[in-house]
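Shared between the two complexes below is subunit A, which has subunit B as its partner in the first and subunit C in the second.
And now, the complex of A and B:
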C-alpha cells in the first residue's frame, strides 16, 4: 500500500489522507467563473468552427433541395434524392469514382512503405550531422506548392526540350513524348510526384518512433545472433507498428478524395479520361458550373464514406492492435 | 557491444547511395529551373541546358519585376502571409493552451467539438456558400479569416503544452500571476519549437495557397502570387497575355524583346515563388522535427 508523509511527519495511507482532506465542493457557477480567462481564449476558436465548419454542415441539406440565389445556403424546394439519382445515372461518374479509387489506393497503400523505408534507412546512418543535412533536403518538397511542383514537372517532361526527352534522345529514342498529356503516363506520374513530395516529411514521425525504441531490445536481439536486417524486421518494425496504424487510420478518411491540388493542376485535355476525380468533378460542376445542389450531394456522399471508413477501421484496429485514434 | 549491432559496411554504402540519389532528385530539378531562369529565353528553346545557364541573362527577372500584376500579387501574398500567420498562430496557441487546463469544465466536449471537424465537413460547395453569405468572397479577408484556425495545428500545440513542466506554471500561479500573464510570459517562451513549427506551417500554407485566389476571388488586383503563377502555367502563352495587357506603343516595344519567352518567364516566376521558402527554411528547420514529433509517439 502506498503511504504518504504529511507535513508534520505522520505516515498516512491514501484513504486516510482523502478522509482528512475532502475536496471542497464548489458550485458549477464558481468553477465556470474561475475559468473565465480560458473560456475567453477559446471563444474565438469555437465561433470560428461554428461558422466555418458547422454552418457548412448545415448547408448539406442543399443535397436535397433546389438551390436558388435568393434562398441561400439552406436551399429552396425539396427535391428528394434527385441529385443522387442524377449522379449514379451518369455512366461517366463511375469512371470518376474509379479514377479516384485508383489514385487514392496508390497513395494510401502503395506509397505507404516508402517513408517507412526511408526512416529506417536514416536510422541506420551513424553520422548524425550528415544524416540531418540529408533529412532536411528530403523535407523540402513538402513545403513547395503543387503549383510549382507541377510547373517543374511539365518543364522536365516537356516534349523535345524537356530534360527527360533529351535523355531519351541521347539513348537513341525519338524524345517527343508528351508525358504530361498522355493518358498512360498519368497514374505513374501522380504516384511518383506524390511519393517524391511527401517521402521525407512523412518519414519524420516514423524516424522519431524508431529513435524511441529502447536500445536494449537491439542488444538482446544481437546476443541472440540476429543480423542487422533481422533486427530491423523483428525489433524496428514491431516498434513502430502503432505509429504506422494511427497515421494510416488518419489518412483513410480521404479515400474518396485523391488530393485536389495535385490532380486539378495535372489535368489537361490529353488525360481528361483518367484525371477527372470526385474532388475535381465537384469543383467543376459546383464552383465553376454553378450546380450547387448536385455538387453538394456528391460531396455529402464523399464525406460520409470517409467518416464511416475511419470509424470502422479505428474500431477494428483498436481491438486487433490495441492502437486507435481515440 | 557485439559485432552484429553494427550495420555491415556494404549495406551502409548502399544505404548512403540510395539516400544520395533521392536527394539529387530533389536538388537537380531546382537547379535545372534555376539555370533556365538565368538563361536567354530564345536560346533555352534550343534545348540542351542542364544545370548551368548557357547564355546568361537577367532579363527574365527584370521582366518579372516589370509586371505590375506580379508585383501586386507579391504584395497580396506578403500581406496574407504576415497577417494571417501572426493572428492565426496567436489565436491557435491561446485555444490550445486553454484546452490543456485539466480543471476546465466542459473541456472534453469542447475538444470533441473541435476534433470532429477533422473527420467530417460540409464539403466544398456549402463552405463556398458560407463564404459568400458572409460577404467574404472577393475581399482580401477571404485569405485571412477562414484560415485562422487549423485542427491539426491546435492538436500539435495542445500536445506540446501538455508536456510542459506543470511545476513552473503552478509556482507562478501561487505567486499570484494572472492566468494570461502565465500564458504570455511562461508558456509561450517555453514553447518556441512548436510555435516556430506552427508558424512555418501556417506561413507556408498562406504563401502556397492558390485555391482561394482562383475560386473565391474575381478581382485581378486581389490575386496572390501563387494564383498568378498557376494561371501563368495553365495558359500556354504567357507572353501573348503580357502583350494583351500592356497598351499601344508599349506592346510594340515588347515585341522587340524576343529574348524572353513565356517559358523563361515562367521559370523565373517559379524561382521567385520558391525562393522565400528556401531562404526561411534552414532557420526554422532545426525546430520543426522537435515541434511535430513531441507526443506523437505512443510508448
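And now, the complex of A and C:
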C-alpha cells in the first residue's frame, strides 16, 4: 500500500519523496577537494602527530628487546617478557606504584574541586576589573617552572633559616624542622604546591563553561526564589558537569604518571620512601643506569594502564552521565 | 585543484628543506689541501665539534674569538664545543650514547675505571660505537708516550686504554696524566676547614683534631661558644662542602670503610676483602651523623644544600666548620677558613697519599666521524708545548710575554683583573683565568715547571706568599707532608666490576644504590629504621653477587694484582 504525505501543499507518495531526498553519493576525492582548505589546515597537525606521537611508538619494541648501541632500538635480541618480570619481581617497585597512585589520586580527585570553586568565585564577581586582575594573578604561577617553584619552597621551608621556621621561632617554637626532608610532609607539600601552581590555569576552562550557561536559566531560578548558592548548585554545577567529566577522563590517562618535574625536584634522601614514583624510577634506571629496555617496558605498562582506565571510565560516564569523550 | 596541489607541494618542499638543513649540520666540508703559507702545524681546513658531558664550568664551551682565530691560523681547525646541561653527567652520557648522533668527538669525566660511566663506555666501545685510536695515537708526538712502558698508571693502561679483551685496540683516551711519577701539580690542600677566628678564640690546634670523636667535642665547644657570622647571626657549627650538600668522607674518615679511593671496599686484619655493608662502619657513621644533627651541631641540609647557598654561607662565615673545600677556592681569599685535621682513615693513617700518576677525564671519537686522524692530530697539537702555552697562558703580547728562557711571564694587570673581576677575566679564554676548553683534548703529559717555569699560572709574577692558597699551604706545612707522602699505584676494587659481571651491571647498580641508602639512613626517623635500610641494602648487594665479587678480588690479589683501596 502506497503511503502519501503532504509536501509543499501537494500530496506526494513516499517513493517520490525518497527519490527527491536520496543523497547523492559523493566520492572521497570530491569531498577532499570541496573542503581542501580545512584539510590543508589539518595537514601540519597530522604530520606533527605522526612524527612526534606515532613514530616514537616504534620504540616500544625495546620493551621486548635487548638494547645495543650498535643494534639500536629495532635490532637487539628478543628477550620476551624479561623486563616485565624483572619489574614485578622487585618488591620495591610495588612501593613506587603505590606512591604514584597516591600522588595521582591527590592531583586527580582531591585537587579537582579547587579550580572549579575558583572559577565559580570568579563568575560571581560583579567587578570585572577586579576579576581580571585576580584571574591574572592566579594564572601567573602556571608559567613559573617547577625548578623555580621548588627552589622557592626550599628557601621558605629551610630549617632554621627558612621563613616558616623563623616564624615558628618568633612564636617560641624550635624552628629547626626540615619540612622538605620529612616523609610526613611530602604529600601535603606536593598537593599544596600543585594546587597553587595550577589552580588559576585549570579554572580557565571551567570559567569559560560557566560563561556559556544561558543567563535565562539564572533568571528563571531567581524568579523561582533561588538564592545565589542555590543557583550555583542547581544551575552552574549541572551546566558545567559535562566539562568536568571530559576533563576528568582526559586526565585519567595519566594516572600512572604523577608528574615528573615536581616530584623529581622535591625528592631527597629523607622522603625517598614516599617520593619515588614510576616516572622518577624510569629516569633513574633508564637514563642514569642505561637500562633502556627495562625503562621502556615500564613506560609501556604505564601507557596501557592509562589507556584501559580511560576507556573504562569513558564507558561508565557515557552510560551514567550521558557525557563522554567519544 | 591546482591551488590545492600547489599548497601541498609547497608544504612538502618546506618540510623536506627543513629536514635537509637539520641533517646537514654534521657533514661539514673537509679540505685537506695545505695552503702554501700554512705553518707545519697545519692539519686540515675543517670544523671539529666536540660534545662535552661535564658540568657547564668544566665544559667551558664558550671560546674567546681571538684564541679560536689563533687555532685556525696554526692548524686550520675550527674548534666548536657543545655542552649537555644535566643534573648528572652520567645520565647525560647515557642519553647521548643512546641517541647515537654524536659529533666528531666526545669528552666525559673518568677519574678511574671504577666510575659508573665506565661500564657504559665499555659497552659502547664493544659494540663498535668508537674508532680504534691506537694506530693514530702511535703516530703522534705526545700521545705516543702512552705506549711507553710505565708512562701510564696501571688502571689507565690495563682497564681504560689497552685492555686485554680489545686485542691491542684503544677506544678511550684517558687524560690528565702527569709526565713524571708522583707529580702533584699545584699545591692543593683539600679537606675539612674551620674558621680561623674560632680556632684563635678557643685556643686549639686544628691539626690535633684527627678523629671524629675529637671533632664532635670541638663541635660542642663551638656551639657553647655562641659564635656569630658576619651578619651577627649564630653560626652553623658544621656546614656542608663549599660546593653544596654532598656526602664527602673527609668529615668522618675514621667511620668510612675505605682507603683513599672512596670506594667502600677494604681488607680487614685477616686480609679478607669486605664491603662496608659487611662491617659495622656504615651504621656507626649513621649514628654519628644522627647525633650531630639531633644536637644541632650539623646543619640538617648538610647533604642537600644548593651550591649557591653553601658559597653564600662560606662568604658570610656562617659555618664554623666547612666539611670540604680547598685552598684555591676564591670565596676564601680573605683566609677566613684554615685546614682542620685531617681526620684519620679507618686504617689509622692520615698522611698524604699521592697517586703514581693521576687521571681525570677522557675522550673518544665516534666511529661515524670522518677522518678521525685529524682529531687525534689536533689533540696532539693541543697537548704539545705550543698548544699548552695557548691553553694555559692565552696569547703572547695580549696575555703574557716570554722571558729570556722562553718561559711565559703573565701580565700583572691580568692577575689584578682575575682577583677583582673573575668573570671578565674568564672571557679572555684560557686556563689561567678559568676557561677550560683545552682540558678535553690537550690536558695531558703535564709538567708545568718544565714547560712554563712555574707550577701554577702567574705564580712567578705574584708576590711571594701573596695568595690565600699559598698561605694555607704554609699553614698546613704542605712541603713537609709532601716529603713524607706515599705514592700508590694499582687498580681499585670497582675497576674489576666489568670484568666480573660484564654488561649485566646489576652489582654496579647495587653498589651505586648503597650510596643513596646510606643517605636515607642518615635521615631515617630513628636508628631502627636506619638499620633496616642498611640491612635491606646489604641483602640487595648480596643478591647481586657481592660475596662472589669480593672472592674474585681476593683471587686477583693472590695472582699478584696490586689493589688500591
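The working rule: the second predicted complex is superposed on the first by the 273 of 326 C-alpha atoms of A that agree within 3 Å, B and C clash if a C-alpha of one lies under 4 Å from a C-alpha of the other, contacts with A are read in each partner's own complex, and residues count from 1 in each chain.
The rule is simple: contacts are C-beta pairs under 8 Å (C-beta built on N, C-alpha and C of every residue); 3 or more make two chains touch, one makes a residue touch a chain.
Just so we're clear, the structure is a prediction, and the values are computed from it rather than from any experiment.
*Asks:* After the match on subunit A, would you call subunit B and subunit C a fit or a clash?
*Replies:* clash
*Asks:* After lining up the shared chain so the two structures overlap, which partner does A:154 touch, if you call subunit B first and subunit C second: first, second, both or neither?
*Replies:* both
*Asks:* Would you sort A:270 into first (subunit B), second (subunit C), both or neither based on which partner it touches?
*Replies:* second
*Asks:* Once the shared chain is lined up, is A:195 touching subunit B (first), subunit C (second), both, or neither of them?
*Replies:* A:195 sits against neither subunit B nor subunit C.
*Asks:* Mind working out whether A:121 is in touch with subunit B, subunit C, both or neither, as first, second, both or neither?
*Replies:* Touch partner of A:121: subunit B, not subunit C.
*Asks:* Is A:205 in contact with subunit B, with subunit C, with both, or with neither (first, second, both, neither)?
*Replies:* After superposing on A, A:205 lies in contact with subunit B but is clear of subunit C.
*Asks:* Check whether A:44 is in contact with subunit B, with subunit C, with both or with neither, and answer first, second, both or neither.
*Replies:* both
*Asks:* Regarding the shared-chain residue A:68, is it in contact with subunit B (first), subunit C (second), both, or neither?
*Replies:* In the superposed model, A:68 contacts subunit C only, not subunit B.
*Asks:* If you stack the two complexes on chain A, which partner ends up touching A:287: first (subunit B), second (subunit C), both, or neither?
*Replies:* The answer is both, since A:287 touches subunit B and subunit C.
*Asks:* So which one touches more of the residues on subunit A, subunit B or subunit C?
*Replies:* Greater contact footprint in residues on subunit A: B.
*Asks:* Tell me which region of subunit B runs into subunit C after superposition, given the options 163-171, 235-243, 271-279 or 289-297.
*Replies:* Superposition on chain A puts subunit C right on top of 235-243.
*Asks:* Counting contacts the way the document defines them, which residues of subunit A are shared by the two interfaces, the one with subunit B and the one with subunit C?
*Replies:* Looking at subunit A, the two contact sets intersect at 44, 72, 151, 154, 160, 283, 287, 292.
*Asks:* How about subunit C: which of its residues touch subunit A in the complex?
*Replies:* Its residues touching subunit A are 1, 3-4, 7-8, 11, 15, 88, 90-91, 94-95, 97-98, 100, 119-120, 123-124, 127-129, 236, 296, 299-301, 303-304, 306, 505, 509, 512, 516, 519-520, 522-523, 525.
*Asks:* Contact residues on subunit A for subunit C in the complex?
*Replies:* Touching subunit C from subunit A are residues 33, 36, 40, 43-44, 47, 67-72, 151, 154, 158-160, 176, 178, 180-181, 183, 268-270, 272-273, 283, 285, 287-292.
*Asks:* In the complex formed with subunit A, which residues of subunit B make contact?
*Replies:* 1-2, 4-8, 11-12, 15-16, 18-20, 22-23, 25-27, 29-30, 32-33, 36, 44-48, 50, 91-92, 94-95, 97-99, 101, 103-105, 110, 113-114, 117-130, 133-134, 146, 148-149, 154, 178-180, 183, 200, 204, 207-211, 215, 226, 229-230, 233, 263, 266-267, 270, 273-274, 277-278, 281-282, 285, 289, 292-293, 296-299
*Asks:* Within their complex, state which residues of subunit A touch subunit B.
*Replies:* Subunit A reaches subunit B through residues 28, 31-32, 35, 37-39, 41-42, 44-46, 48-49, 51-60, 62, 72-73, 118, 121-122, 124-126, 134-141, 143-145, 147-148, 150-152, 154-156, 160-161, 163, 166, 196, 199-200, 204-205, 208-209, 212, 218-219, 222-223, 225-229, 231, 242-243, 246, 253, 260-261, 265, 279, 282-283, 286-287, 292, 295-296, 299-300, 302-304, 306-307, 310, 323.
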